[in-house]
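Scrolling down, you'll hit the structures one after another.
In the two complexes below, chain A is the common chain; its partner is chain B in one and chain C in the other.
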Partner chain A sequence: MTNFLQALAPATRTYRDHSQPLWRRILLSREAAVIGAVLLVIIVASVSVRAFGKPITATYLLLDIAPILLIALPMTLIIITGEIDLSVASIVGLSSVTLGVLHSNGMPIEAAAVVALIVGAIAGALNGFLITIVGLPSLAVTIGTLALYRGLAVGLLGTKAVTEFSEFWTSLAKSKIGASAIPSVVIPIVILAVIFGVLLHLTPFGRGVYAIGLSAEAARFSGIHVERTKFTLFMLSGLVSALAGIYYTLRFSSARGDNATGLELSVIAAVLLGGVSIFGGRGSTLGPIAGAALIGVLASALRLANVTSDVINIITGTLLVASVVATSFLAWLHTKRIRPGKKTETLVAAKG
Partner chain B sequence: MFGNTRKARVGAFAALAVSVALVATGCAETGDDSGSGDAGSGDANYAITFLPKNLGNAYFDTSDAGGADAIKEFGGTYAEVGPAESGPDAQVSFINTLTQQGVGGIVVSANDPQAICDALNEARDAGTKVVTFDSDTNPECRDLFINQATAEGIAKVEVDLIAEQIGGAGKIAILSSTPNATNQNAWIEIMKTYLASDYPDIELVDTVYGTDDDQASFDKTAALLQTNPDLKGIISPTTVGITAAARYLSTSEFKGKIALTGLGTPNQMRDYVTDGTVTAFALWNPADLGYLAAYAAKALIDGDITGAEGDTFDGGKLGSFTVGENGSVLLGDPFTFDKGNIGDFDF
Partner chain C sequence: MSSSTEPPTPALELNRIAKAFGAVIALTSGTLALQSGSIHALVGENGAGKSTLVKIIAGLYQRDSGEFLLDGKSVDFTSTAQSKAAGIAVIYQEPTLFPDLSVTENIFMGRQPTRSFGRIDRKRMHEEALGLFARLGVRLDPERPTLGLSIADQQLIEIAKAISLDAKVLVMDEPTAALSGIEVERLFAVARSLRDEGRALLFISHRFDEVFDLCDTVTIMRDGAYIDTSPIAETTVEQIVRQMVGRDVSALFPKEEAVIGDDVLVVEGLTEHGVFENVSFTVKSGEIVALAGLVGAGRSEIARAVFGVDPYSAGRVTIGGVTVPHRNPAAAMKLGLALVPEDRRKQGLVLETSVARNATMAIRSQLTRSGLLFTRPENAAAREWASRLEVKAAALDTEAGTLSGGNQQKVVLAKWLATKPTVLIVDEPTRGIDVGTKAEVHRLLSQLAGQGLAILMISSELPEVLGMADRVLVVREGHITAEISRADATAESVMFAATHAASEIAQ
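For the complex of A and B:
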């Protein structure tokens, strides 16, 4: 049991076993397990939940999880470096209010959206500044800016909500690709997912992200710009959150300071469920996408089965805990495998 | 112990996946048992679902129970769904779900007049009738709005009550719910106008927001009395606010000295009326409101009415109702509760 507890500590990490053939490595990966779970839930729900199998389910589902998918992309990279950004939902609110206030004062929606994106990038840059240059822990900084940005958002718009957005933009946010059931918002998500995927997995910058998560000290000595990398990531996070804020505003035709309250927890849940280690150093872009899909598909199926929102939260929470425990459990199994026999034998001998 | 780790690893993944599947199927079965709205059973689709602002709110528990009674009377299927917390967009996914299920009617109290609009219109395009109650959406997003009382009626009764209790002169303040609440903001505007025209000696010094949270409302009351030591009365046009304010007053030195009135429910206010903290307060009967909303949904589903002005429909035990301007139906005049009659009510 001691071994198992030791395995829970951040020091233990597992790496893909490159002595295995590629197909086996892929099938045994954490991402494959989550994707498998998504497919399983979809199949089971299609058979057993009335109305789940209709194409409209996919439309509503994707519209619902779009902001989570967007923000999960930079969040994945941030968590891989061992940091966290809790202020994302507040930046969504701030961007929503910026768009609303500027548009209601006569600025065209395109220009207001650009300003909202800049505001988001600045908000992210402030996080990055406090974390990398001032050197404060990201947990503390972003808890602070979570309150700060939300306060600014609610303060800017006061008691009002801006709802006068042109039909063109609001229906664009909800439009579908051609005659399919897939919402158009999937297109920018796929493009961004590819960009973030390439950035993380195929560039020196991405290798640096992993290296920082495994050991910031070692990364620094290997010539990686630790501070610059983290700063860039937090700024990207602010920018993408602002983009999600624009989508959010247009989808609901409503700019309010309290838009997307609590969304950061859904994003982090999706990222962790997708196999990204909260201790840093491990994860992929695909995992969190599958994690967000799993949370969304489960919630959609359960709502259609008339399960109350409290129970849905309990199930999502349990799943998250189970997935984190499963990761550590697998890590423990892996260490047993690397050092086979001996330790177990001595343990058994000691007990005997 | 774990000789073949590869197998064990696959096993662990499989266990995770299977547990997810089990959870999904288990819940799906309960869903089928409880029988959601079935659209294709020949007769009119009386599957009517109540969607309150949030679940676990005593006010909506009462109104939805009234709706359930009505639906039982005409032999429909009652259901209640809703978000755990009342965010502006929180109801959208529930409305989408009801659209997918093809229920006959949705009876909803809107958290935001605009944010749920498109979702409701999609439901209506799919043949679902939409009745709002308690808090309306923009008129183009629903078929009917069941108005608990006119804004004028509510604002007037609360101002008259406070004026009577403080002797027609002095400083008062308002403890409202959230800054964006459709109802409360409309009432407060009318209160201001009515105060100016009929009670020039009463001065409204402050409006604070307890966000319909018990503790926040309690704290706001305390702060209000601290910043305005010469305050004579408080109007709280929200059931959460008036209860929290009464709780604060009843344990403070201000008990019986500061007048408190507003909208409250008899069960929550009973103790404070009995111990003299509160003299009188007003409300409608939320159970009647839910009851009427359910009958309105039935009339729409039957095709008896379309929600046009002048349409008349049967409201069960409440009698007959006529649709007014903007597709709204008025439940009746607000009711004043005091020491003499509070014992007759239990909700």
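For the complex of A and C:
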């Protein structure tokens, strides 16, 4: 190795770590806004909706949003790379049916669950193969596999449902931590959230995820394995969706082909609401968790206030559109501000 | 001008046109006069201002100052539509047609002849298209889609379009760059017949044989300014090259003497069909080797293939005797290869992320502790390397895209020097950056070589090539056609090799 350090200037310049103080960066972050919104809804609902303050509300709320929280974790990373996975809810259904069919044919539930996880990982890997190796757009691929995996799930079990599961596992899925109102399913979710959070924020792999989302070409020129990264993420998405499928089956003691239909939209809504950019490159794991909480808390409070589900959908939908519009608007303002310099640079580059 | 009688009013005349983009001056004094019934050549190095001048003629850019006369009358185009309406047609190197529409539909796009109730008169359109091709003497089915047509045929469609608009001035911006010999002949035949119809043609080319074959007058530009115009019969290739380069180039870049060691990077028989063929060269430690040639000759493609971003179908790359795997930039980086790419904004940097993240992007795996990457060591490394390269930035979390071009390039250099490479490939290292930073980059490259780094430099700027390189490899149409030592490298010899086939150089 050559020692060329002498050719360079001594490292004596100083740079501040951040151009803005900590409080500003936190207050202006998207995560802070969503967490603030969750707290606001909780406070308003506790005061104005009669049953909302009861512990049972929190229990059901967490049981309900558990699959969304789980799948939102890999979905966050996928959307940060600029891709999307619409097949997640179908993988939930497929793993649910796999578990039910194998178990009803005499396989122990533990072994059937492992097979269901493997099926989920394979389904995710097929998505990854089509997107990274064949080179198709993820939107098209996963719309296709959304139908394919759901079709397989319904085809395997028809309109029947497998409902014979051991009491131990089904009650575990609904159990609470000690005497608290918090369901046990929160524990694996927290563990997975930490794992995904570390993966995204504290590893070279995570740095690659962000770089791919902002500029796949620059990422490739930096030695980042763009295809390998995306493939891994789609496989993880399949695996976690299968896990959510097992939970879903046990919680309702029912393996059905149409389990969790439409869940992918709630997951994507939570991720986008949590400040992850649909164009890729921006977001964190905390945001989507808060986003899922906001959707859950809002739906729960409105339901207790006897608002019908179609109205709840209208409100969540409006919230999502408003949040995406707000993000785009802020980004537009930002480009407006720095544009003069940028434009000159582009023209000069084009000249050569 | 040698003409003894008063010359007729030029069809198009530009006088002392100036154009700047922000702080970068593209044109200081562009002057050009096109006569009807004549083919006029415009030549100059890359960056001499030819393209800017053409874009002003086309109405794409507006001049900052100077005179623009059409048939003796001053004009101010603010759009390409206006210049078209005034009878100016520009044919670019790569025509932009609608691939799914037919040849005829492309010719009459936006001004289709109509019958009653605004219905398109397909029959008349078809007949007019046939008439145009008959006049040009080319055979093309007017009803086929343009998808799949060669670039030569697409250019002819553009020319047909220009004639149907009765353009008096035709500008062809490097039309032959992507054409084969026969296609060039056909294009020239068309160009001559247009000249004989009394139109004024402007022909931009890097190939002097074509300039001498086709044109009757030549204008030379350099550094954004007009240098000279002369009848083709009264000049020679040597004189034109001298006028194109025309400055004391060796004084600009004080190159340090370096001890040249053993071969470090060895490339053998690298081939990707249609892009580059059988490319072999070596770079020794302490040596700066320049890949010179015209834009589009395949130099960047070779560099990208060596680094592993682009594929190659045959050949071998080794560093210090170890084979660099095919298509795996991460593995190439581990072996000590670094590439500062051509397009800083798309390939070199992730513009929307911070200076720190960019500076540490290539060494992020080395900064981990038990697999985890924390901001503290990341910022420490970024601070060190940004400081060594004297990057001017407010803070480490400043977005790279907000820095000036020169500072962006310093961040890219920091990113790659942080990997402590043994071979550094720099592709157009000073393109679009200010003069001060340019000199800094040159000093840096020279000193890095002095410390034993092997450097492969791609540059389209002759003074940079001549000032910096220990050896010059000239690439023409995907082949290395000449290897010129520092002592023998002159603007003339490099330019000649870049524009002539290897067989002609040997003679």
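Rule of thumb we're sticking to: the second predicted complex is superposed on the first by the 314 of 352 C-alpha atoms of A that agree within 3 Å, B and C clash if a C-alpha of one lies under 4 Å from a C-alpha of the other, contacts with A are read in each partner's own complex, and residues count from 1 in each chain.
One rule holds for everything that comes next: contacts are C-beta pairs under 8 Å (C-beta built on N, C-alpha and C of every residue); 3 or more make two chains touch, one makes a residue touch a chain.
In this text the structure is predicted, and so the values were computed from the model without any measurement.
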- request: Examine A:F129 and indicate which partner it touches, taking first as chain B and second as chain C; both and neither are also allowed.
  value: neither
- prompt: Now for A:N259: first (chain B), second (chain C), both, or neither, which partner does it touch?
  reply: first
- request: Identify the partner contact of A:G281: answer first if only chain B is touched, second if only chain C is, both if each is, neither if none is.
  value: second
Query: Of the two partner chains, chain B (first) and chain C (second), which one does A:K174 touch, if any: first, second, both, or neither?
result: first
Message: Between chain B and chain C, whom does A:I315 touch in the aligned arrangement: first, second, both, or neither?
response: first
Task: Please tell me which partner, chain B or chain C, touches more residues of chain A.
output: B
- prompt: Which positions of chain A sit in both the chain B and the chain C interface?
  reply: 344
Query: For chain C, which residues count as touching chain A in their complex?
result: 21-24, 26, 46-47, 51-52, 285, 295, 307, 309, 329-330, 332-333, 336, 339, 341, 343, 345-353, 355, 357, 361-362, 364-365, 368, 371-374, 379, 382-391, 393-398, 401-402, 404-405, 415, 417, 420, 422, 428, 431-432, 444, 447-448, 450-453, 460
Query: Given the complex with chain C, which residues does chain A contribute to the contact?
result: 1-19, 198, 202-204, 206-208, 210-211, 214-215, 217-225, 281, 338, 341-342, 344-349, 351-352
- prompt: Quick one: in the complex, what on chain A touches chain B?
  reply: 28, 32-33, 36-37, 40-41, 44-45, 48-52, 54, 56-57, 60, 64, 158-161, 163, 170, 174, 248, 252-254, 256, 258-262, 294, 298-311, 313, 315, 319, 322-323, 326, 329-330, 333-334, 336-337, 344
Message: If we count contacts the way the header does, which residues on chain B are in touch with chain A in the complex?
response: 1-2, 5-6, 8-10, 12-13, 16-17, 19-21, 23-25, 27-32, 34, 36, 55, 79, 81-85, 87-89, 92-94, 96-97, 99-102, 112-115, 117-118, 179-180, 185
